[in-house]
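A quick write-up on the structure given underneath.
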Amino acid sequence: MIDFALYHAWLIPLLPALAFVVIGLGTRQDKKTSAIIGITAISASFLLSLGVVGAVLTKRIVMADPFVMKTVWARIGGMELGMGALIDPLTAMMLVVVTTVALMVNIYSVGYMEHDSGMGRFFAFLSLFAASMLGLVISVNFLQMYIFWEGVGLCSYLLIGFYYYKISAREAAKKAFITTRIGDFGMLLGILLLQINFGTLDFIELKTLVPQYIWVSGTSFLTVIGLLLFIGPIGKSGQFPLHVWLPDAMEGPTPVSALIHAATMVVAGVYLIGRAYFIFAELPIVLNVIAWLGGFTAFFAATIAITQRPFKRILAYSTISQLGYMMLALGVGSLSASMFHLMTHAFFKALMFLCAGAVIEAMHEEADIFKMGGLRHRMPVTFKCMAIGVVAIAGLPPFAGFFSKDAILAAAAEVSFPLYLLASVTAFMTAFYMSRLLFVAFFGEVRDDCPAQETNAFMRWPLVVLAVLSVISGAWGHFAGFSDWVFYGVREEEAINWTIAGSSIVLSLIAMWWAYQIYVVKRWSSFQIARRLGVLYDLSYHAYYIDEIYAFFRELTVDKIGRLSLWIDTHIVDGIVHGLGRLTKGISVVLALPQNGDTQQYVAIFYTGVIALVAYSLFYAVKILSVTGGAF
Amino acid sequence: MDAVFEQVHGLVAWGLAFANEYEAPALIEAGVFFLFAGLALLFACGVIFFRNVVHSALSLTATFICVACLYLSIGADFMGAVQILVYGGAVAVLIVMAIMLTRRDDMAHSNPSRGLFRHAAAAVVAGLFLLGMSAVAILSPFHSAPQSLGDAAPGLADLMLTHYVLPFEVAAVLLLMAMIGALVLAKGADER
Amino acid sequence: MMDFWAISIEIAITVLLLLTLLVDLMLPKESDRRPVAFITVIGLVSVFVFSLGQYHLSPSETFYLGLFIADNYSLFFKQLFILGMIFVVLFSLEYTHKFIRYRGEFYSLLLSALLGMCVMASANDFITLFVGLELMTISFYILVGFRMDKAESSEAAVKYLLVGSGSTAVMLYGVSLIYGATGSLDFVTICRNIHLFYAAGLAGVVLIMAGFFFKLSAIPFHMWAPDVYEGAPTPITALLAMSSKAAGLAVFMRVLYVAFPILGTYWMTLLAVISALSMIGGNIMAMKQKDVKRMMAYSSIAQAGYMMAAMASADYAGIKAVMFYATLYLFANVGAFAVLSVVEEERGGTTHGHLTGLSEASPMLAAVMTISLVSMAGVPPTAGFAGKIYIFTAAVDYGYVWLAFVGFIMSMMSIYYYLLVVRAMYRDLEQKETECARSIAPPFSVRITALLSAAATLVVGVWPDFLAKATNFASQTFMR
Amino acid sequence: MMSFIEFMQLATHVGLHHFLLFSAILFAIGLFGLLTKKGLIPLLMCVELMLNAVNINLVAFNHYMPVPDYTGQLMAIFSVAVAASEIAVGVALAFRIYRDRGTVNVDELEKLKG
Amino acid sequence: MEFPLLSTILLAPLVAAFALCFVPKDDRETIRRGAAFATIFMLCMTVYAFFNFDTLEGGVQFVEKIPWVEDLGVCYSVGVDGISMPLLLLVGVIGISAVYTSWNTEKRPKEFFILLLLLIAGVTGTFIAQDLFLFLLSYELFVIPVFIMVLVWGSTKRLPKEFVGMKFIVFLLMGSAFMLVGVVMLYVNAYPAGERTFDFAALRMAGEMGHFSDSFQISTFPLLLLGFGSLLSMFPFHSWSPDGHAAAPTAVSMIHAGILKKLGAYGLIRVGVLLLPVGAKYWSPLIVTTAVMGVLYAAYIVMAQKDLKYIIGYSSVSHMGYILLGIMTLNATSVSGAVANMVAHGMMTALFFSQIGYIYERTHLRSIPELRGLAHYMPHLTIGFMLAGMTSLGLPGLIEFLPEFTIFVGTFGVYPVQALIAIFVIVFTALYVLRLLATLLFGPADEKYAEIPDEQGASMVPLLVLGAFIVGFGLFPSLLMNVINCGIEPLAPVFEQIANAPTMMGTMGGVR
């Protein structure tokens, strides 16, 4: 079984892909069959993933020596492009995380989508997404990664725009695709440079080539490549300034938000850097950029999240913030901390999103948390799960978030104090706004018009499973030696630094208490605070007007120039063509003017021609005479 | 004064020399040429400038006859005869007939011309052509050795029935078809 | 001595001519003269078939002392003229019946024009040339004025006659100068005479060329062409465009290559310039034309330009190209004018307006017209393309790249006005034009001519080998 | 520069050039007429003048040929025949035109143009 | 002698066209079935040829050679190599799609299908020709069919269709006039008179023997470029193209964008680059720069367009810029990318146009604000549009991704700045494609489209056929790429030979 899983790891993405094909071509109309096919496929992948993990553990496949299977996908123009599966602990971890969350979300969706006529389509897309994401995870080279990277982007687009009749969904989908495309552009450039420079995109080969290259030519060129490659993750993982699509992506069905925009796809960027860490780790400048951008994003998103009102939007900004954390961890050189956080975050954020889905469905599509309240009475299971999620993200022991966040903070503190400070402030704010969410939505009085009811079993059980994972994954990972397996270079210190951990716990507690005072006890009026903060509140509430700024620039650089180009094309380029046509016709008219029917004029012109010819002959004759001197 | 005197002197000297050097035939030859050529050109101008088309036609005939005389003067007897017969006779008659058939009331102005601009343009074109042809004639070092062939008719007849029998026959067809064509065209649409 | 075999074609045509005259006289006055037409066609077909047997590998035969030469070159052109004449007589049966009053004489005159052309093609001295040329020209003067019901017809004839006489005078002047310079009118004698380099010789050459330029309607000697083409009866326009031009070309080439080869560089430059002028001017002026016959006049000016471009490269490739092009131009013209004659007959005119809706009235005619016009423009898969390749290969080979430039660009530009006609035939009809869709059933003779010519155009376009070989054969014996 | 006397000597020594110049002038006069007259019949007359001029050329060349030869005159004879045919056709056309339109002025023939 | 496969492919549409001449013009069913039969037959044969193409052996295969015009040195010589084989397949695929897209032609169907088949035959002939004369003969065969089809079955939008048809033809033919001069110069300079030939292989041999001097190459290449470039809709000679798309009937738009433009690119490779490599190298910086300008400029214009056909028209100008870029970068990688992209873009645009045609035929609307929310009633159409759109923006797993990637790989090392701009335009492409899809397909439903049936039966055929190839080649690119590789392989020496040839900017250093 374990061997089978290892040697057939390529089946992991393929099974959901098949499910997509089958559902798409065949059973799209039949909800139930579609759901069964989708869930079966993902379950099989899940089992295989577990098998892979088992194989990694038993066969002791380590980061430095991964297990690789590959085949040639295409040969073109002297390039050989491969496809295959690269199995190492990192991959195994990702496989499990992705399949677990995907499985949960699939099951959840059976409940969530049961009244939607597009359920077949939904499962098809989910399967396709799972296939792409898993394909991305097992990539053996940058091209494969890029391919599936775009694939997940497509699925994200399709699923955000799942409710295609809603203009907001349509626009959000578009925005997501284009924004990430900008990132992809940079990444594509990086990949091209790698291909041109090294002649290969294969991770394993690059791993040996890169150090040699650095030895010979230094890092300056690779720094450019690294920065370009990093643009991709900026887009995909919602880092500033390309984060704008992620909050809007919440227009999609909530399971999608949970799976794609919280747990899996958005971490693809982090994963890419992790996978290519052998490049990034050699480039201090790039690492610095990553760290600072990550830190800034984490902080920046947190400041926005504090003032948001829609349930999923808060979670979205929180996701951005947490992704910033992961980036920060990578930037400060701790692959394992980052990946660890990636894993825990996947579980607790998926959990929270699924809870959000339950709540919003129960509230009949009402998303504003201030219109909720007291839901803990109506939806106890959901509440408990949500609470676990919040505590986990806030970083209280022994929940998952504590261990991973602590690892990041410790790593940051080791490298740079300002970064550590930034991360800590962010942690504080995270604890605050997550508590705010929890308190506003679930505490207080039940409103009279509240229609909320506990959800059905399909939706409940995944919550429970994820809640359990949110609780245990941190501790389990920490103590079972996550960092023994997933690391880069030298294995890192794993012991908990209690100074850092303690201060972070204290900060979180303060934040939660404060939130409790404001939103439950209502010691201070939240509105008053908002008014006092004035401009800052406005900025935060409107996400620093970044969307508006972008729209302005898009209008300026795209639409205006587009209209200008069109004008140029129709009036100048076309104008020249049409003008030439008209000119020729004009010449035609002018040339034919002598043709006025007057015979004698014709004769005159004829003789003019004759005279010209005679003149030519005389000229020639004189020339001959002058050459020959009149003699023949 | 000297220059004028010199010219006059020269002229006298030339006259004496001319009388000495040239015999009468040459002189006569020159006289005949200039007489008929001058007349021909004069009549040709008449063709153009007479207001009455009948006068023009007569002038044309006169030109033809002058040219015929020139032919005769250089020994082209047969050509001269043809010229008088065909041009002075047939063509002239044809033209006069045409004038009669297309006559109008006021014969005094029956030979209208185009406007002044057209005259100027025509003068330029014709003048340039003349200039060109004169230049050609002057620039060409022709052999100017007149030959006295005597009676050309037998020679021509010989050529026409041997070397050039085909053009001769074709010319016959040409005349036939021209006749038929002219008849058909002249009959026009209103033959009933 | 006299070898009558050499002039057998001419004799046959003359006999046919006399026969038509006789039959015309014998037929009752009210008869419709179709028998005359049939006699003409049958006679010409038999002459054509007979002439096929005259191709030879042995040295060419001359009629008398080399003044009339029946080589493969002239034979090829003669066949071309005969073929053109057969086609024209065939497709104009109905047209003649409707518009021509003196039909018997009409056919006789056609034959006399044909005789003139044939004589020209074989002429090897200036007298024969001149007589043949004039026989053709005068026949055409008459034929152009042959539509008694249309004032334009006689107007065209007058214009043709006046300008033509002017040109005859110039050409004769040139001949006289050549005679003066060289003392001979025989091509073969002339070509050896160094005195061609006299001013008189040089001027004589250009004056003779001017005469031919007039026949080919090359710019600036073209002024007569549009008016005459428009005014003449449609079959005559067709003949003017293809046969008269081809005959002019045939003898023009012979004059240049046989009589004046030593002046090659002198006249080649001139030909190239005139050719370029004709290509440019003809094509551009054609663009504004509304009347298709008139447009064809301008187009024929341009076509003459193309052919002269090939002549400008004085070797047998050029000659071959001209012969090739003249042939395909004949087919194209037959197709186009067959359609035009039907249209004029049915709708009373040949402007774009008259052609409107032809694709619905008679798809076959529209298709034939399109193919013919496209061939004139030189677009594949029609014969015109192969022809242009031959022509401009010859020109480029000789170093006239600029001429090829002008030629190709103008020929592609010319597609514009050809397509204007196609547009008129195919465009959507407006409400008030529904009358234009009324079906036209062309008579059998027209149908067969049109289809034959279109088929020939396409076949030569796709498979030019046969024609290329034939022209090769003919041109090589010409250059000896 | 040629002096007046030399010129007179040349001028009176009648030779080929005299004829050539004479014919050129005659041709030019005919051409001038062809370009300026209105009536069709005068135009035909001018054409005849031009053809005549050419004939003079031919005959003169023939006369001054170094070797005995008749082809020039022969050409002239053919040219006469052609000229006669042309004028016959021309006159017939003039008649046609006159009957069609009541005029023989070519400047009124303007139906065809453009 | 082997079975004349390629001639059969070439003759199928011709024979069908000829046969259709004798079908009564009211019998629409027979006519369109006949046309469909011919194209299905063609497709089967081309697919057969494609999969029987021996990629190990390479070179020109399925050769038939018969002397044709001896004094010009023309042979009826057909054959396909790795470059033309995929394009031939493209013709087969688009041919059948075009016929089925026009399935419901009501107006004068007989003439329509005859002309369509002639058009298809012409492009087929061009791709299989191994003789320059034959190539030219077929190359311009499109003129009359296209003109008449635009005239009769086209549509008038911004400009009258009569005008556009004229513009289309005159523009292209003016371009090809230059090309013809160039070809004649090539022909004349290759061999002395008497030994001349139009055979591609022989002409290449002449080039290798040095019969084309460097200065000759440099002066002649622009002529060819003008001809092929204007057919390829090279900026700034693209003006005919969007208007042409807009006015033409759907089938013509499909063939025009899908095949005709590729004809230009194919000609540029086959005649321009292969025969005149030094000339190509000399001019390449300029052409690459204009190509990239075209890419960007056309993409910008699309942003401001509303009419669907204009959008796709300009977008194909933009995409053709990538192909030109790939070709003119002159290395094996970029050129193979360009060739692959020709196939990819052909199928993609054809699909786009067939979908547009479907909706236009039924609503007579094709401007974006008027058409909206089609996904509600027409899922098949939506799939078609989505597939085409996603291909257009270069989504991996669909046919166009890998070619574009290859072009970029080939180009980026040689012309970094130009390549950078070109790559950046993929963002623009995404932007305009998504805008188009979003407005057209999604959003609130519009009742007025409720009555319109979704694609079914015959009208599904283009989607199925093109979709199958788009996805199939997208997922399994080696099917396509192996064939192309073996076509590009023989070119490698040519590129090597000119690697150090001077360009107009002087000798380029640092080329990989």
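Annotations for the structure displayed:
The chains carry the letters A, B, C, D and E, assigned in the order they are written, with residues numbered from 1 in each.
Everything that follows uses one rule, which is that a contact is a pair of C-beta atoms (placed from the backbone, for glycine too) under 8 Å apart; a residue touches a chain by one contact, two chains touch by 3 or more.
Note that the coordinates shown come from a computational prediction; the quantities given were computed from them, not determined experimentally.
Touching chain A and chain C at once are the following chains: B, D, E.
Fewest steps needed to get from chain B to chain C, stepping only to touching chains, is 1.
Ranked by separation of Cα centres from chain D, the top chain is A. Comparing mean CA positions across the assembly, the chain most remote from chain C is A.
Chains B-D form the pair joined by the most contacting C-beta pairs. The most central chain, judged by the distance from its Cα centroid to the centroid of all protein Cα atoms shown, is E. Separating the CA-averaged centres of chain D and chain E is a span of 65 Å.
If each chain is reduced to the centroid of its CA atoms, chain B and chain E end up 71 Å from each other. Computed from the mean C-alpha positions, the centre of chain A lies at a distance of 95 Å from the centre of chain D. Once the centre of each chain is set as its mean CA position, chain C and chain D turn out to be 28 Å apart. In chain D, 16, 20, 27, 30-31, 34-36, 44, 62, 65-67, 71, 74, 78, 82, 85-86, 89, 93-94, 96, 100, 106-107, 109, 111-114 are the positions where the chain touches two or more neighbouring chains simultaneously. Shown for chain B are the residues that touch two or more other chains, namely 114, 118, 121-122, 125-126, 129, 132-133, 135-137, 139, 141-142, 164, 167, 171, 174, 178, 181-182, 184-185, 188.
Residue positions 170 of chain E each touch two or more of the other chains. Applying the touch definition to every pair of chains gives A-B, A-C, A-D, A-E, B-C, B-D, C-D, C-E. Chain A makes touch with chain E in their complex at residues 72-79, 81, 143, 146-148, 150-151, 154, 157, 161, 164-165, 167, 169-171, 173-174, 177-178, 181-182, 184-185, 188-189, 192-193, 195-196, 558-559, 561-566, 569, 573-574, 576-578, 581.
Put simply, chain B touches chain D in their complex at residues 7, 10-11, 13-14, 18, 26, 29-30, 33, 37, 40-41, 44-45, 47-48, 53, 56-57, 60, 63-64, 67, 70-71, 74-76, 78-79, 82-83, 86-87, 90-91, 94-95, 97-99, 101-102, 110-114, 118-119, 121-123, 125-127, 129-130, 133-134, 137-138, 142-147, 149, 152, 155-156, 159-160, 164, 167, 171, 174-175, 178-179, 181-186, 188, 190. Interface residues of chain E, counted against chain C in their complex, comprise 67-72, 111, 133, 136-141, 143-144, 147-148, 151-152, 162, 165-166, 169-170, 173-174, 176-178, 180-181, 184-185, 187-188, 193. Only residues 114, 118, 121-122, 125-126, 128-129, 132-133, 135-136, 139, 141 of chain B touch chain A when the two sit together in their complex.
If you check the complex, the residues on chain C that touch chain D are 126-127, 130-131, 134, 138, 141-142, 145, 151-152, 154-159, 161-162, 165-166, 168-169, 172-173, 175-177, 179-180, 183-186, 226-228, 230-231, 288-289, 294.
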